[in-house]
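Structures are listed in the sections that come next.
Next come two complexes, and both contain chain A; in the first it sits with chain B, in the second with chain C.
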Partner chain A sequence: MVPRKGVDGVGLLLLAPAGLLLLLLFLAPVAFAFYLGLTNISLAGIHAQHYWFTGAANLRRLSQDNSFWHSLWLTAVFLFGSAVVGVTVVGLALAMLMQHAHVFWQRLAGALAILAWMLPPVTAALIWYAFSTTGGTLSLLFGGQADPLDDHPMLIVILANIWATAGFSMMVLGGGLRGISREVLEAARMENASRIQTFLFVTLPLMRRSLVTNLLLVTLIILANYALTYIMTAGGPNDATAILPIYAYQQGFTFSNLGYGALIGDVLVLIATGFAYLYVRAVRQG
Partner chain B sequence: MASVSFDHVWRRFGPHTAVADLCLDIADGDFLVLLGASGCGKTTSLRMLAGLDEPSEGEIRIDGRVVNKVPPGERDVAMVFQSYALFPHMTVEGNLTFGPRMRRENKAATRARIAEVAQTLELTPLLGRRPAELSGGQRQRVALGRALLREPKLFLMDEPLSNLDAALRGQMRAEIVSLHRRLGITTAYVTHDQVEAMTMATRIAIMFEGRLHQAGKPAAIFDDPASLRVATFIGAPQMNIVDGQVLQADGVTMLACLGTTCRPAEGLVLRAPAGSPVRIGIRPGDIAFSPPHPGAAGFSGAVEFLEPMGSETFATMRCGRETVVVRAPGRTPLRLGERVTLYLDGRFTYAFDAEDGRALIDRSRFGLADLAARRLPA
Partner chain C sequence: MRPHPLATALLAVIALLFFAPMLWLAVASLDAHASWALTWPSLTLAHFRNVTAGDYLLSLWNTTLLALVATIVAVLPGIFGAYALSRRRIPLRDGLMITVLFLTGIPVGIMIIPVFQIFAACGWLSLLPTGIFLGANSLPFALWLIKTAMDAVPREMEEAALMERASLLQTIIHVVVPASLPGIASAAIFSFINAWGSFIVPLVLVSDPDQQTGPLTIYGLIAAANVRYGDIAAFSIIYSLPVVILYLLLARSFSGGFLMGGAVKG
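And then the complex of A and B:
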């Protein structure tokens, strides 16, 4: 059947319940959050009940807030480190290793990787906290006195995020690798391509779509999973890991500036929407 | 230009034996077709020759040099894969230049070669396209072109025509054969299609369940099958197989089946004692509607089923307990239920051991043309 174009009454009626729920539970709260971002609402005090629209006041404050720009920079570093470098590279490496493994090890490694991904952020955070703080395994490796979490907080937090998300990445990229015909790789071998050449000129180009899809998905997942970072460092030490979600939380719930916190959250929504848009476009292509 | 030799080659995958004790020589300039049903080990044998797989035991030699451990790129062989295995993200030109680029060949020389190969295979207008924009036949040509470009000493082809439609397959068959004639490059070609084997090969090697059963010229395989399995595998429709017996009367050995007897042609030796039960094979085209010589004994059959193919008709005849398929002319007067007398031809009646299926008549001493021309015993 050829799908008909245009609006059709019955179709709209059937879509109505889902549309209504989306509107009530998703679009309305987001719109409300954007509104709150432009008010002086606070968690406690006089503006908790009686708040009003303050126009561009919050925006002006945001543009002059050094902590915000620093946090934006930290977010970029954090996402680049964990999603681009970490999860993509580690995930691809794992997926390629898995290809050559015996089915038993493939299944086992796959199950473990998924488990790491499924762990509640609290658990993962505690594991990594214990691992990287003074007296932890990592610290003991360096003599026991060191406190890697305190010395290199961003690095450790990125590693923890990679650890928690690489398994997901491995599954997605493994699917992409399986999509490459064995004969195509063998054809490259017959044509004298070395392993590295085959990887660079055949595997990577053929993986382009999987890689882009995976990168965008993982970015969104990591952005949403800020609890892992918050539990480990609460943004510290000295705001060294205060990425945007944490900064928004601090402004709203620690400093009671709910309106301002909401505005920072809105920035995050816009960033995530940008990634989501790129993701949808990448998936639609070919 | 190369000769190949498989010397007691085995390939095992865990408990499964894919290729068992393969001994096979491919002479320089041969077009060898490895023929067999799927899973018979033909593709595994080809892959070992390509270097994509390694024998568990035995040696493979190209031009006398053992290549078991030589990587595929260094064997100077080119392969055409069943799926064509074109690089989907590259244009036709990119696909053709890939190999030379990897081998760091002279760019100008490569360009000239590509122009030449593209010309030969009529690819010139397609050079800028990607595989997804090509038809099956065009992809096939690109795959061939990629192999040709290499000027290998050995061509390997793994069911290259199986993804094409019937008309195109016929055309590509002819093209590959003429290419082989022109270039004279030794070729190993895997297929399960006996028509491809019969029409393209200079030699055929038939494999069943990992074992080589017979190797020889196409006509020799057809006319002198070494076993019941080979006999029934080659030829369409299949060779008729009926129960029979070896008879001896007045010092003459005869074969009895279908209620009649026939005498192997003069000089053919039947390697079975009198009285022993045998399986007798007759190709549908070797059963005659008129006596091959005066006084020949015939047998009677009733037409049970007719398959008109246009230029010929295959008639299924009931002859007592047995059923045989007979080839009749296209415009046959045969009617369903009709009873006719049929005759066997002693030159082309085959006998196989009832137990192990090995051929019991030794025909190898005769050239086949010679065999067809031999006078029949009176």
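And then the complex of A and C:
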């Protein structure tokens, strides 16, 4: 059926539709973004139709743009808080507690965390906006007049992202935990290891691979899901939550600087590429 | 193992923290005097009646159309492409599979500016091309899932069919596809949910107000001068329901299916 030698025309023909779609609607836009990032194209005005290559002009602008560097810093804080601290710790805590808690609470906590993960981004954003704005449930806890979303925007946005993603990480890490054999844990107990010692010196090292893969995947998921943040704050107040994808969007579509916005998008593509590369490496080691 | 009281208590607190924000959505959707505040509701179904008519229904219909187009675009090329990658002699196959895995990690939403420019130049700023774009967005993960499923199908089945003089196309459709259905269904549901939930992509790529999708309707309602709290809550529930049902279906029929969320949402 499959020719032993030469070109397998039928095979290539079967692959062609998928290959063309990926080439035209995935790889071509990325390549085009790197070109646009070095032009003076704008959303409206004379540079909307007639734009040209401006060489390193946008790059110079980028290097001197304090808003960009601030945004890069916000992105680092945001990703560290939501992916590293939040989702990994909360996800692991959930997965571990699930193994030791009463079955009723296991089911309930699992169902709620998974429901929060399943909800579409706009619904999660609405829920958290209502929860954290003036008069919302959270502000009632602080007396009703507070506006937590306005007072601590980055913290609230990070909490919302943790809330929306921890269920996923709970499932991944729960799978990893179930993969640890009972004999190993029994052996640790026989050696009189405390619960904390067992966790630190047996469970964590055995979980290393799932933890790393999960962390990289969650980072990419949260980076992609910036709609959640955008709907809650639109990057505000005063750019306090203007993480890179939001800053790129604002430059392109709010300030009409499509070329410069594309360049900021390129920085994001490079960052995502770095994480995706590490992710592929982590998966293939398994 | 016996349940540990401290673990149970901690988990109960976490469960409460997950539940607290959701409570408002349910209560406000049924409250005649809804606001952002969580209050005891004066029960009414008026909000659900309001949002199951007119423009609300239109935006749900648009969302359905967008998600269906994306699903078809991801799954059909996905099936044939995955078959080629699983069974045929494709040059650089390993490299291609690594590229596919790599692309599942690249969030397409961050390339929105070049895609907007291409679509604007071609006059494609409408629902159908946006669905095709979102389908291409889900294609790498669909390829990965379907190929993994097809790799597990024994070759003897299709060899027998080919012996019986079935064409390659017939063999794929009648033998390989049914045998790898769980993987294909996961890919279809993932693509559907991905397009159903996407916000930034239709925000930028769909220009006609009559083609607005559900997420944009909700966003417009939050930003409106006179916020209709109850209507937003009720509409969000109706809009979110299909996604929850699809996830549950997936989890029920295919164990471990939840992990299909493993690709990055746009």
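As a working rule, the second predicted complex is superposed on the first by the 256 of 286 C-alpha atoms of A that agree within 3 Å, B and C clash if a C-alpha of one lies under 4 Å from a C-alpha of the other, contacts with A are read in each partner's own complex, and residues count from 1 in each chain.
By definition in this document, a contact is a pair of C-beta atoms (placed from the backbone, for glycine too) under 8 Å apart; a residue touches a chain by one contact, two chains touch by 3 or more.
As the structure is a prediction and not an experimental result, all values here were calculated from the model.
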{"item": "Contacts of A:V283 with chain B and chain C, given as first, second, both or neither", "value": "second"}
{"item": "Touching partner for A:V202 - first (chain B), second (chain C), both, neither", "value": "first"}
{"item": "Chain B versus chain C as contact partner of A:M154, first or second or both or neither", "value": "neither"}
{"item": "Touched partner set for A:P121, first chain B, second chain C, both or neither", "value": "second"}
{"item": "Which of chain B and chain C A:E191 touches, first, second, both or neither", "value": "first"}
{"item": "First (chain B), second (chain C), both or neither touched by A:A240", "value": "neither"}
{"item": "Dominant toucher of chain A (residue count), chain B or chain C", "value": "C"}
{"item": "Intersection of chain A interface sets (partners chain B, chain C)", "value": "none"}
{"item": "Residue numbers on chain A that touch chain B, as the complex places them", "value": "181, 183-184, 186-194, 197, 201-202, 205-206, 208"}
{"item": "Interface residues, chain C side, partner chain A - complex", "value": "1, 3-4, 7-8, 10-12, 14-15, 17-25, 28, 35-38, 73, 76-78, 80-85, 87-90, 98, 101-103, 105-118, 132-133, 135-137, 139-140, 143, 159, 162, 168, 196-200, 204, 214-215, 218-219, 222, 229, 232-233, 236, 239-240, 243-244, 247, 256, 258-259, 261-262, 264-266"}
{"item": "Residue ranges of chain B touching chain A (in the complex, touch as defined)", "value": "50-52, 71-74, 77-79, 81-83, 85-89, 98-99, 102-103, 146, 150"}
{"item": "Of chain A, residues touching chain C in the complex", "value": "1-3, 8, 10-12, 14-15, 17-19, 21-22, 24-26, 28-30, 32-33, 36, 41, 90, 93-94, 97-103, 105-106, 108-109, 112-123, 126-131, 133-137, 140, 163, 168, 171-172, 175, 216-217, 220-221, 223-227, 230-231, 245, 248-249, 252-253, 258, 261-262, 265, 268-269, 272-273, 275-277, 279-280, 283-284"}
